[in-house]
């Protein structure tokens, strides 16, 4: 998918101001990857015998997926946008990703899907923070 | 819709802690109303002859719709959730709503759909802030 | 919310062709109501002691919420749209709503949230079918 | 992203029945890639001087993005799901992708972003149809 994200950024008639294009592309990609991983992780948790112990994980996964999806869309149309909204959504997305990474990591040793999801969440949180720190 | 939001909140086996139920119900309802109004406003803008002057409005509408949809979903599953994520998404949603309200209000005298949308955005921003201030 | 949906439809500069406005408004409203009810029902199921018996319900709720949200957005921008896509998404949404209504109804006697959700799903399926049958 | 989609499918405790895993993984990935490309294409169209000629493209992009996002989520939780809903959403998604591919292709010679988006839509329509034809 990386190629398409970058090609679309390069093809825009108006370059987004005040943003590092590589960090923007990476953040969009990590958001969509993380959203999918979280939705799949919630579904995998529902198939576990110990599902009753995983309800917090399922909810955290779902919240994280919703925020990552919204953030990816908002970043994908970031051409001269109100920076305050961009900052706020990146802050919220990073918080959801960190929360979900912590939750998934706490039982990653027993569930491979939680291990993979925790890593996707950590990468996405980092990508959001890297983009945030570069916004001017 | 108000009835269903409240009935569902009342029917939950575990009451969400640290949250005022009336403010939660109102915030959920304003979020879904605002998301729909923003999507419809963006579409109405695309039908205006002066669409070239409304591109910022169309983008702001779309961002606001995405955040309101995510916020409504996250609030709808708020049973003992990480308060930090709830706070961050409400802050982001209020920022998007205020931004969209200001943009729509700036040409509300010429476009009735922008006037209606600006009001929905202001009510939603207020509902997010009211809920935020009540979170403990 | 009903008022805003109708006001926005009335305020559009270009009236959508080949569609009954009242059925369109009702379908949009039932979709957003149903999406919220399904998300809340899935969350309520996660709080039930017998969550292990409700995993199909939680998945069906989540699928239905996703389709209702997409359908509400697509219908909200229906100004002269490709009717084939409108038909296909309404067909899919009605199928998801019927499936979720059947699943929720099967344990509605034990879970009030499933009873309320089943009703919201049935109304939404009917609204989708009524709109479908009126499309020309 | 491909790696994560496949790893998550492999890590699920219950393998989805009646579905070809490679086609499922590819379809999920094409859906999220297409959703992002469509959102970016709509935004790029809004930056074109001839935006008034691109309003159909912007709407078609937005509809396609909404359906691809919903389809990716529904497929990501496809563990023993009602096949009728899966079929209906794949049919709707393929219809939206074909419609958007045709619209974007009609001015792909003038707008690079429409050319890239048309290709993403065609690949996604094909992936939906390939998955549909393999469902048992």
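In this document, chain identifiers A, B, C and D correspond to the written order of the chains, with residue numbering beginning at 1 in each.
Please note the rule applied: contacts are C-beta pairs under 8 Å (C-beta built on N, C-alpha and C of every residue); 3 or more make two chains touch, one makes a residue touch a chain.
Please read these numbers as outputs of a predicted model, since none were measured by experiment.
Ranked by distance of CA centroids from subunit D, the top chain is B.
Among the pairs B-C and A-C, the greater number of C-beta contacts is found at B-C.
Per-chain Cα centroids separate subunit B from subunit C by 19 Å. Distance between chain centres (mean CA atoms), subunit A to subunit C: 27 Å.
Chain contacts: subunit B has residues 42-43, 46-47, 49, 59, 62, 69, 73, 77, 79 touching two or more partner chains. Within the complex, the subunit D residues that touch subunit B are 42-43, 46-47, 49, 51-52, 55, 58-59, 62.
Residues of subunit D that touch subunit A in their complex: 1-2, 4-5, 7-9, 11-14, 28-29, 32-33, 35-37, 39-44, 46-49, 65, 69, 72-73, 76-79, 111-113, 116-117, 120. Of all residues in subunit D, only 56, 59-60, 62-63, 66-67, 69-70, 73-74, 77, 79-82, 84-85, 88-89, 91-92, 95-96, 99 touch subunit C in the complex they form.
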